[in-house]
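The structures come next, written out as structure tokens.
Same chain, two partners: chain A is paired with chain B first, then with chain C.
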Partner chain A sequence: MDDILNILSVILIFSGLIFFMGASVGLIRFPDFYTRMHAAGKGDTLSTILITAGMAAQVLSHFDVVSLFVAIKIVAIAVLIMLTSPTSTHLLMKAGYDDGIEPFTNSGKGGIIELGGPFIKSDQLDDIDSKVKKKGPSKKKSSSKKKSVTEKNSS
Partner chain B sequence: MYRALIFSLLLITWVILSGLLDAFHISLGILSCALVTWLSSGLLFNDRSLSFYSRLRQVSRLPLYLSWLLWQIVLANIHVLRISFSPRVKEQIQPQLVRFRSGLKSDFEKYVLAQSITLTPGTVTLQIDGDVFLVHAISDVAAKGLMGSMVDRVRHVFSVDE
Partner chain C sequence: MEIVLMVAGICLFLMMIPIMLRIIIGPTAIDRIVAVNIIGTKTAVLLIIIGALFDNVSMFVDFAIAYAALNFLGSLAASRYFNRTRPAYGKGSSMEAKGS
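After this line comes the complex of A and B, so read on.
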């Protein structure tokens, strides 16, 4: 049992390091601010999970109640990083976007691709607030528009 | 009911963090958890209009969503890894800004969706305006993943059924 957990932890930590290396290489090779933030801010989500899981497996290889608590604490670190890291990445990219940094695109021209939405399958289309100015050509949306109009008329 | 829940959450945290299981430390923990629950239990769970039962249903649907999210993170991380090790990076990536409506109502649902999008490598939430999400995606594959079932799954987790 000890050996299995040891080997498992080595495999987990090693694969976590590979993902960390991918993040670092991407940080150097990607072309602009936004894509680099992708590599720097989030290449480490999976690698952090893998490495902390490997450490937890290492701790659990001598099993008793105290080591179980230590393993739970290590998992709590992973949860904390999963909660905070996306927030800081989002704030940095939002700051860059608000500052007017042009995103790099292959074609050279920027612009925003409209996907439309909401992607609702069932009949939950009632009372979606119609504050949004941009309206795409999607069928679902037009039906929701009609519904909200009829609701307004009836009320 | 909420007070009992908060008390037990605090006590579990106490026991895990202290790691000592003798009567003295546990009674200290029970005392301080009771004090904190009495003084400031109003800070947790802002919206208490939902019944306790439907709240429980929401929590019970969360683990399935989290495991699905973990699997998506693994897939997307491998995708980004392959991009960053590929010999010609600039031909592999198609950075783009994508905007879509989510149709989610409560702030917490939007928070969970934005956090999930940002956790998945290859996509970052840039802005949330009402229920319109502005997302930066690193490649066509990552952008296509946005149109998948993530919004529907978040809505399903937080849907209230009578």
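After this line comes the complex of A and C, so read on.
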């Protein structure tokens, strides 16, 4: 029984370390704030839960009343982190979105203005409206031209 | 078994180093807060491992619970503070710089 719990704890701890390595590499290598939050929120939570579960199995391996209570406390830490870490990630992401951090796009311009982010000031609304009005019909015209060209080619 | 725990603790500490790099070079303030949050969570885990190495888990587990709870409260307060009170990129946010 002790050997089974020891092997289980070793497997859980090292799988947690692998997930934490993914989180840290993602945090240092991703190009954007939002993608970094993606790596941080999920990898950190899962690796913490796995390592604490492994430590609970490790403590339970020599069974005792005291070790039982300590294992319950460690599981309580895991539950606390499972509840609080996604919450804090969500709140920080919302704060960054309200502050106007631009997402990473292929064009490098940031697509959040077209989405209508909540941080746009009232002075800039007119400029954005004019840009959208300029962009809208031109896109439609170009697309219709392309369609007609393709239709001609196909015919 | 102690060797496994020691290797796990050392690996946890070594993987914290890139996150500390993100604290140093993070372009926005919220990047830094996220990295501090991750390091705090991992410190709570590292405290349990240190307690198992010292054969005194029952004491270190209480420290870990307090550390995790305070870490959550700290990141919550920081997110409330940086929400609409500070520009994201230091002096003059990107939107102000872009403003026509």
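Brief remarks on what is shown
In this section, the second predicted complex is superposed on the first by the 104 of 155 C-alpha atoms of A that agree within 3 Å, B and C clash if a C-alpha of one lies under 4 Å from a C-alpha of the other, contacts with A are read in each partner's own complex, and residues count from 1 in each chain.
Note that in this section a contact is a pair of C-beta atoms (placed from the backbone, for glycine too) under 8 Å apart; a residue touches a chain by one contact, two chains touch by 3 or more.
These numbers were taken from a predicted model, which means no experiment stands behind them.
In the superposition on chain A, contact of A:I13 is made with chain C only, not with chain B. By the touch criterion stated above, A:T52 is placed in contact with chain C alone, chain B being left untouched. By the touch criterion defined above, A:K94 reaches both chain B and chain C.
Looking at the shared chain after the overlay, A:I77 reaches chain C, while chain B stays out of its contact range. In the superposition on chain A, contact is made by A:F104 with chain B only, not with chain C.
Look at A:P31: by the touch rule set out above, it reaches chain B but stays clear of chain C.
Shared contact residues of chain A with chain B and chain C: 23, 25, 37, 66, 69-70, 73, 76, 87, 89, 94, 119-121, 124. Partner chain A is touched in their complex by these residues of chain C: 1, 4-5, 8, 11-12, 15-16, 18-19, 21-22, 27-28, 30-31, 33-35, 37-38, 41-42, 44-45, 48-49, 52, 57-58, 61-62, 64-65, 68-69, 72, 75-76, 78-80, 82-84, 86-88, 93-95, 99-100.
Within the complex formed with chain B, the residues of chain A that make contact are 18-19, 22-23, 25-26, 29-32, 34-35, 37-39, 41-43, 45-47, 49, 65-66, 69-70, 72-73, 76, 82-83, 86-87, 89-90, 93-94, 97, 103-106, 110-121, 124, 128-129, 131-132, 134, 141. Against chain C, the residues of chain A that register as touching in their complex are 6, 10, 13-14, 17, 20-21, 23-25, 27-28, 33, 36-37, 40, 44, 48, 51-52, 55, 58-59, 66-67, 69-70, 73-74, 76-77, 80-81, 84-85, 87-89, 91-92, 94-96, 98-102, 119-121, 123-124, 127. Remark: chain B residues 15-17, 19, 21, 70, 73-74, 77, 80-81, 83-85, 89-90, 93-103, 114-115, 118-122, 124-127, 130-132, 134, 136, 138, 143, 146-147, 151-152, 155 touch chain A in the complex.
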